[in-house]
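Heads up, the next two complexes both have chain A, just with different partners, chain B and then chain C.
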Partner chain A sequence: MIPGTGALHPLLIEFPFEWTYIRSIVYVSLYVSLIAVALSTLCSLPVALLLGFKEFRGKQLLTSIINTGMGFPSVVVGLVVLFAVSNQGPLGSFELVFTREAMIMSQFVLAAPVITGVSLAAVSSVDQGVRDAAFAIGGTRLDVALVTIKEARYGIATAVLAGFGRAISEVGSVLIVGGNIAGPEGESYTRTLTTAIQLEARQGRFETAMILGALLVVLVLLVNAIVVRLGSDSGGLR
Partner chain B sequence: MTLDVTDVHHGYNGDPVFEEVSLSVSPGEVVAIIGPSGVGKSTLLRLLALFERPDRGRIEYDGTDVWAAPERRRLACRRRIGMVFQTANLFDASIRRNVEYGLRVRRSWLERLKWHLERLTGEAPGTGETLEALDVVGLADSATQNAASLSGGEAQRVAFARALAYDPDVLLLDEPTSDLDPRNTAVIEDAVLEARDREIGVVVATHDMNQAERVADRVAVLLGDGIIEVGETATIFEAPRDERTRKFIDGELIY
Partner chain C sequence: MAIQRRRFLAVAGSGVAAGFAGCAAVSDGNGDEGDGGPAISGESITLTTTTSTYDTGLLDEVNLSFEERYGVGVETVSEGTGAALEHARNGDSDVVMVHARSLEDEFIEDGYGVNRRDLMFNDFVVVGESDDPAGISGAEEITEAFEEIAATESTFLSRGDESGTHTKELEIWDAAGVDEFGEWYQERGQGMGEVLSQTNQGGGYTLADRGTYLSMQSDIDLEILVEGPIEGGPELLANPYGIVAVNPAVHENVEYDLAMAYIGYLTSVEGQKIIAEYAVDGEQLFFPEALAEEPNFQQYVPEDWERTTDD
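Let's turn to the complex of A and B:
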């Protein structure tokens, strides 16, 4: 048995943290992941539509890059982002090392290929006839694109959830670019649920790590439930 | 709005689909394009709907050469056209949302936003036109039903209402009843005649000779390389000038 896990009976767990500490970790996790996923979605959908319905030079290459990006090792992404924001890197002047913005950048790089790839599959499956109908009825290219997104909404929701899952469960890259920093009062600056779990487990505080883990799972379930609910509401278009 | 097609040639990858197609359609007139499957009826209708530019020739709406006109003018022409395809191609939404789509996209983005807000607070704009168009195809009572739950025939009737709702000047119908039962076919044919009464110019591509005879004022015969004959419906069916037309109508011409 792993030392320390013997005291896991729910009634015996003594909650070891200040509430503000937990709240700030959850806040940083959600702040970084939600912004990264929102930005990724904004960039990914036009790219998915472009790849799905336009012929252009380099399309095959772009598709290959996205497919490869879906399996990028997160530590490598963290390393590349750390180099980019470091003093020697192209973004060095912005002083982003060990900031939430750098964490957003690394999660963006990890989530965007997933959202693009799954969205591409979703928009490609939209019937060409439906797109033709939108055009024939007087829609502009933008209207046709919006109809395509609406028709593919369930698949796109899946893409966003997959991207969110990739982002919020990320450890390696956010540890490298964020530094897992908490203030002297226990308030998180760049510490997320995942990096906190990693830290607590390494220090032998398994109960704490387990509680944070449960909190992470609950958060992911909550976001999934919200997105699924929104999806089913928009499905009942009356 | 009159539609004039002059000497249109079109093909794909160097293979011509048809050559020297000329045709005109006036308001309040139904023109049937008849011809065997694969002869290019759908291609011709897609050209008329401005999906693509013909290789050569002119397509004019009210004297405007649409492909020589700027993009904005072309969009304005396109928005005076309605089209129904062989399959209904409905959106995954309610019948009402499908039918009002044409009304919505003709508004500015600000007006569309107001439309959605008004929908949330009560009666949405465009409901009158939507229900009127649905009434033409006998589905006014089903407006809130989801389009996915409709039979093929009902879906095609909704597609017709969707093209009729914004009161187009020209209606293009690509084999609109080829997959329908006689009852739904009759509803669509009645709706075509209703459109004609509203001074809409209708072009219907069909390989159903009886349908052409029932609804069309004039018939254009698309055979071989192009339109070989255009004339009054009775003339085409009873005394065609071209021997190939007679053979095609009698079922003797095999393709």
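Let's turn to the complex of A and C:
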């Protein structure tokens, strides 16, 4: 499996730039991370708003749990999710192990605390006066929440980006729950950019690993640009 | 009025939020049924195997022709032998291809594996830098070479990951009577390719399977210092690969029939021919072992691993 010994293997002839391979890896990376981040955002924003506005028992505890969650080691999350989805685990009957769905689950667990934590900071910094004003002119609680989200849109966009960055760049958990599977013709099934980089490095193909790494950075930059753009145009409601 | 609207919307809003949460949970759990299959075909099996079979490129070759023949995709998860067997024990894979007979036997004895076949073999080699500080080059017995490495406290990189290669290495240390390891002995806990790269960069000796070594030869400066049995070296360095189906009586969910088709294909004349013809840089990496007019009965049952080292 060395470039240059390619005649032996159809995949290797132009291996580092094999289109199917690269394209399907990028697709799997984006598919898994974007869905995970979208689901995390859906769940995290209401929690952040609730924590930002409401006083209740255990709020302090919940906030510390979220802050701790921001630092969860991804391999540990991977192990826990593997335990859950494994045939012997509580979700075993769904046969999720070594699937993209399992990878989405672990990235969800990784991204959600980051998105919640950073959004919470953004939402909390919205001036109380803005919320009072929205309420005073007859806004419903939903209206007040929307106004708050709009005011905090840059912070929330940052939160989503931080969550996305955490999801797409982590290698530990997707490797464990996804299994880094690609078909014999290079069609990725659960191989992401990060696990592919790990594999290429293991096989001593550092150049290919570098190319994939550069691609990962470009992707993250692109997504950042798009989100920032959307954030400034539409006021944070994507 | 406004207050009532607020209250109504609050209730409606929380209902919607709850609905959303439900949706999110459902789509998370159900998604696999929609597109959980492989992109290539309707049915697939999961193979957990060692890094050496995958990293040499052999599996891509045989899996491609298996898929062409049967329309069944093979999802390959390559890791250490220990991890591969552990996944199979949990029922997360359908078939395992590994190279540590003692661990395979344990797997079968515990009831998790059935229908083991000898598949192929190659051998292990001791590689290191050409200056060879411990002077092990050309050693007759691998145990002597290992004793010498320990005596001179020369750097030795161990896989340290419960892989087949690691298992073999521990067997050799045991046979050599070495039980004191100092700073010179470094457990890396990584795959063969990584450990070879690290040995190449940092210096020292390591035990490698010939296949992975040959497939990386052009990228590294390490030399074979002690040959395995393929080149007339000691028998202890033999490296036989076995393939075992996961017992469907223990794990109902496994694709036992497809796993047996896979085992059947790999041990068929055609499958064995692909293995024999697979070469990197003109060198054959694996030697087929499944076909014999007088089958070795011990391949089907747990046996002392030493008995299987004859090729």
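Just so we're on the same page, the second predicted complex is superposed on the first by the 217 of 238 C-alpha atoms of A that agree within 3 Å, B and C clash if a C-alpha of one lies under 4 Å from a C-alpha of the other, contacts with A are read in each partner's own complex, and residues count from 1 in each chain.
By definition in this document, a contact is a pair of C-beta atoms (placed from the backbone, for glycine too) under 8 Å apart; a residue touches a chain by one contact, two chains touch by 3 or more.
Quick caveat: nothing in here was measured; it's all calculated off a predicted structure.
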Partner chain(s) touched by A:S86 [first = chain B, second = chain C, both, neither]: second
Contacts of A:G129 with chain B and chain C, given as first, second, both or neither: first
Partner chain(s) touched by A:T140 [first = chain B, second = chain C, both, neither]: both
Which partner, chain B or chain C, touches more chain A residues: C
Chain B versus chain C as contact partner of A:K150, first or second or both or neither: first
Partner chain in contact with A:V217 - chain B first, chain C second, else both or neither: neither
First, second, both or neither for A:G179, with chain B first and chain C second: second
Interface residues of chain A shared between complexes with chain B and chain C: 138, 140
Interfacial residue positions of chain C with respect to chain A in the complex: 2, 5-6, 9-10, 13, 17, 20-21, 24, 27-29, 31-32, 35-36, 38-40, 46, 51, 55-57, 59-61, 63-64, 67, 73-78, 90-92, 190-191, 193-194, 196-197, 215-216, 218-220, 251, 253, 278-281
Contact set on chain B toward chain A in their complex: 49, 51, 75, 78-79, 81-83, 85, 87, 89-94, 96-97, 101-102, 105-106, 144, 146, 159, 162-163, 166, 172
Touching residues on chain A, where the partner in the complex is chain C: 1-2, 4-5, 8-9, 11-12, 24, 39, 42-43, 46, 86-88, 91-92, 94-101, 104-105, 108, 138, 140-142, 179-181, 183-185, 187, 189, 201-205
Residue ranges of chain A in contact with chain B within the complex: 127, 129-130, 132-140, 143, 147, 150-151, 235-238
